[in-house]
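Dropping the structures in below, format is structure tokens.
Below are two complexes that have subunit A in common, paired first with subunit B and then with subunit C.
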Partner chain A sequence: MATTDLPAASAAKGNWFERIGAGHFLLAVALLVYPAVASDFFLTQIGGYSLVLGMLALSLMMLAGYGGMVSLAQITVAGVAGYAVAIFGENGANVLGFGWPWWIVVPWAVLLASIASALIGWIAVRTQGIYTIMITLAIATAIFYFAQQNYAIFNGFSGFAGVRAPQFWGVDWRAPLPFYYLCLGIAVLAYVAVLYGARSTFGLTLQAVRDNPRRMRAIGYDVTAHKVFAWFIAGIVAGLAGVLMVWFNGRISPGTIGVGAAINILIIAVIGGMRHPIGPFIGAVVVVLMQTFAIDIVGAQRFNTLIGLVFLAIVFFSPDGILGLWERIKPHLAQEGLRPGG
Partner chain B sequence: MAENSVASRLQGTGAFALELEGVGRQFGALVALAGIDMRIAAGERRAVLGSNGAGKTTLFNTITGDFLPTSGRIRFFGEDITTLPAHERIRRGLRRTYQISQLFKGLSVIDSIFLACRGVSRRRFSLLRPAATDVNMVQAQSILHAVHLEAERDILVATLSHGQQRQLEIALALAGAPRFILFDEPAAGLSPTERRDLVAILNALPKHIGYVIIEHDLDVALRVSERVSMMHNGRLFKEGTPEEIENDPEVQEIYLGGRHG
Partner chain C sequence: MKIHRRALLALAVATAFTAPGFAFAADDTIKIGLLATFEGPFTVLGEDGERGAMTAIGEAGGMVGGKKIEIVKGSSDASPDSAVRAARKLVEQDGVKVLIGPLSGDEGIAVKDYAKTQPGVTFINGSSAAQDTTFRDPAENFFRFSTDGAQWMAGLGTYAYNDKGYKTVATVAEDYSFPYTQVFGFMAEFCKAGGKVPSKSWVPIGNKDYSSVIAAIPDNVDAIYVALGGADAVNFLTQYQQSGGSAPLIGGSITVDQTVLTAQGKLRDVLVGTPSAGPTADTNDAPAWKAFVEEYKKQPGAFPSPSLFAHAYYVNTKAALIALDEVKDDLSDGGKAFREALAKVSFDSPTGKVSLDANRNGIADIFLTEVSEGADGTLLNKLIKVVPQVNQTLGIPEDQFRALGAVSRDNPSCS
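Now for the complex of A and B:
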């Protein structure tokens, strides 16, 4: 048995290019050279921002795609990390701002976000389907109003301005080029981790819990514990995105974590598709481009209508998002390629 | 109080895999189980027969913890498991299959069995991918062989035929060193060939693994069991060897509606 396994294993390890896949390789090259052709605006407002929103939608995709739990509280979890950066680091609001160094603040903020996520999950896993959406929306709304009305910790309506990204190794990490690469690095890390994790033991248990929780109990799994742990992991991804988000905006206020923003993350995940971790990033690029340029096309009065129509069209024609659309077109392209002389 | 616990502990030291004492379950006004007393020795193979609605599956559900009994006690190898959550019972060596297959449609066959093996180990939350040499993966591979599903190893569960899904049902119950298994109509919807396969699989189980099987097909039930219990309206009303049960006039009246071929 070992003799039959060995050659296959070494072949798989040796041919790393094939394991990564041509698609991933091309994408990596494109993302790395993107700064060479992009202006500062495209680098930060489109590139960096898409990667941040993509990570947030990725945390939702993990819960919804693998775990069957659709959450509207991912922006809230990111908000916890964002507020933590403002409160424990430095801010310009003269409220709190403990001034901890970034290398303590960042892990601390991400940890707080994941704990918050696990707590939200612990409440939400008692529900299923539409009720999970409702209860996470309720939690997101409650925290939004709490942040808006609490001045002692959250500085109320105005929140915290003047939150700066750190400067170290002689680099200002909020400058367009470094910020883009920072977002890219962390997003790729999250993407690869989710891609790898989907086939890990825990990833399999999560998909099995989605498919049949009753059977999972009947083979020895504590279903609630596995769901809550999934929320914790998703909280790490959302927390990292939250840190980048507050550095990107330079500020955080209740508006950042409002209901509109919460729904925006769901729209991104649905447009991109939740069957594969690349979906949320595709969705993020499309939504960010639309939100940036729809005003130029149809004017300030109607740009949300255009975004809504695109959303409707995608949901109508492909319930699995752009990813699903691609999976439907791909076999036809392959057929074309197979034709002699074609 | 102290005497009671000593007495119950002494009672529990016997070689019984499963002991039910006055186990009852009500759904509102409906009495699904009315005080079931049952003792099954370790390694014993028992069939439970009864008409539809007799309470057989409800009995299984209370034993495995899918829901709790409204009265009575259940012991598993001497330990009181009456109120334990389902997954804790499984970790003690109890397994079950379902009348209607409860599978993971989005996973492959091998991954499903691997999870069933991993379910009773400590690395349930591992964030690493299992290697081909992983002990649970090796176990899964041998179970795959035991239930004749090697050719379907990497196939998505949703694409399996009905018969193959029933085989996978059994595979999930065999994973992770079971001590006692509850089979809920494993032959339901199987072809005659598949039924013969099933009987072979059950008879090939290691001798120390006892089971209770609910089965409407008497041919299957009587060939894979040493004792038979009859259920009717939530009660056990007769127990005996397969021959005794087959020839009992009362049994024939209630369950078979006269003599069967």
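Now for the complex of A and C:
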């Protein structure tokens, strides 16, 4: 029962430890020392990629969990940032590629993505529930086809290859270790921002708007403006993820922002759970591990079936995703913990 | 208790991140990665590619150079991103030193770019057939024994102009690097012979509604050159027939492949008599081909005749096994000796002699075919003519060929 003594001890040190929470500390330590035990493959293809997808799902979780707006266009927003990096930075496709330095390209790409997100939101907030899903899906599909068939700006089907992460401070940021820490740093920033943003005045207002827009309007809040601003913020998170995604792949093509990819983000958010910002990251880890290793378990012909079955099982047993599963197990664990010697 | 629970959560996540890399190859096995499209629109083609590769391994008895072959499969969905992701997993996680694949054009270009970052691994093409996989900016460790899409068209342009008498042809093709390469190969001969191509339509992969494409085809063309694959070909041909179109067809290599010829419906009337060209012909009488078909049919779910994907994966796998045998599976020097052996491989495939050029691209026989009805009513590609030993520059001196420019939607042009 050593664990029960810890809160008291930490409270003595000052309440910042308690506010952050021991779980977060353990998680942070685990993530920081992860490179010591992981191979390069697990560092980038599993770790980095999960963090990037987790951020994308986080932007969806923000909108869905706090704003009640389920969006299928988050990968599109990320794609705007990714394409912006390829177009305004350097690429190997001999189409555009203005060669701006990364410290201009990155903020510019994220800004473009968040403006795009706000525009999508501005259209979508006029609808509710399933209609929001439909309209964002329609926008995502339209942009996918536009990117696939436009050659002057998006270079059509083949898109842009040869996009490199920048090198500065003597570090190649696409090398496994730096890239992992880069993803981790930005993901933690996004995670903390969302966690604390949810408790801010704006976050609470947004949740109130979600619960009762008519009452909020009657009190005098501009409901549409709050929702569109939420889209803008989600766009920043998705845009950052988009920049990392294009550095991760070294390329971007319409396939990256296709309907399958858009649904993948929704699956990640649903699998992980939408109640807490940690959910999307858990979902991303599970989905990436499944998509990478299912083929080793059941062979090439049926591995997608296995992935589908696992997802079905998770949603069936816990509509709130893995996070919800945890909420259910928790009482049992707590009881066991209370037993002497437990 | 708060900490206790959260600690568990953190631990769970940490464990998930650090799942150990499993499966180390034992000393008496050699790992070969096999990358094909086991998901997405080209699943059927990918599975046939796998059958081709497994046929070659089956012929070798599952052994090469005294070691047992262990196949590790990777799946892509025909998008370049997914192909690179699958290749990374095979190379960086499973530790394969020899990788066979991918299947589709742009995947090939993407994997070639990835190959440059893995100089210790040898990449051997599956069936991807874009020209620039090996012709422009090639990778030292990427080999392609199967030929490219322009080579597959050898003889077709001349045949269409001289023997069929088509003077103007419109083209309909999918909008990515492989069909660009096919159209390039067709037009290189057709335009040289004096033909004109007034209209080129590029359609996205997976397109369902072709009405606007059909409306845009000029009425006065003598024939339509169609380079679409799988479901796209079936959809276009059905809709073209339903809209009352009657122009004869010229087929790209995968348009009149077995995957399309076995499709149900009224297509057969349209398809019979369609000339095409490619690396295989169904009615090839050569004993080597017949033996190959027999071996191929032992694979589960095999088509009546191997598709060109099965053939391409077979040829590439076979070449890899020959070279591996020669170096006795010794890849200890980063595969250098293996690659040297591979570059020199020259062997008699079921479709004739195959060897490599300086860019590590195959030189092989190409078959000019015409769709005809077999004795039992099935549609087959009847062999018209063999064009021997076609190289990547289609017989044109390399500097002149290079001057023609990279294949694209607009190159070549002869309207």
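What we mean here is this: the second predicted complex is superposed on the first by the 325 of 342 C-alpha atoms of A that agree within 3 Å, B and C clash if a C-alpha of one lies under 4 Å from a C-alpha of the other, contacts with A are read in each partner's own complex, and residues count from 1 in each chain.
As a convention for this text, a contact is a pair of C-beta atoms (placed from the backbone, for glycine too) under 8 Å apart; a residue touches a chain by one contact, two chains touch by 3 or more.
On a predicted model such as this, the values are computed, not experimentally measured, just so you know.
Upon superposition of the two complexes on subunit A, no clash is found between subunit B and subunit C, which fit side by side.
In the superposed model, more residues of subunit A are touched by C than by the other of subunit B and subunit C.
Contacts of A:Ala218 after superposition: subunit B is touched, whereas subunit C is not reached.
Between the C-alpha centres of subunit B and subunit C, as seen from that of subunit A in the superposed arrangement, lies an angle of 140 degrees, given as a multiple of 10. When the two complexes are overlaid on their common chain A, residue A:Ile130 makes contact with neither subunit B nor subunit C. Judged by the touch definition given at the top, the superposed model places A:Val37 against subunit C, while subunit B stays out of reach.
Applying the stated contact rule after C-alpha superposition, one finds that A:Ala152 touches neither subunit B nor subunit C. Shared-chain residue A:Gly299: touches subunit C; no touch with subunit B.
No C-alpha atom of subunit B lies closer than 20 Å to any C-alpha atom of subunit C in the overlay. Residue overlap on subunit A between its contacts with subunit B in one complex and with subunit C in the other: absent. Across the complex, subunit A meets subunit C through its residues 3-4, 6-7, 21-24, 26-27, 30-31, 34, 37-42, 45-47, 50, 92, 145, 148-149, 151, 156-159, 161-162, 249-251, 253, 255-256, 258, 260, 281-282, 285-286, 289, 292, 295-296, 299-301, 303-304, 326, 330, 333-334, 337-338. Those residues of subunit B that touch subunit A in the complex are listed here as 64-66, 85-87, 90-91, 95-96, 98, 102-107, 111-112, 114-116, 118-120, 123-130, 132-133, 172, 175-176. Put simply, subunit C touches subunit A in their complex at residues 1-11, 13-14, 16-19, 21, 23, 36, 38-39, 47, 50, 72-75, 77, 79-82, 84-85, 88-89, 92-93, 106, 109-110, 113, 175-177, 204-205, 409. Taken in their complex, subunit A has these residues touching subunit B: 5, 9, 196-197, 199-202, 204-205, 207-208, 210-212, 214-223, 226, 229.
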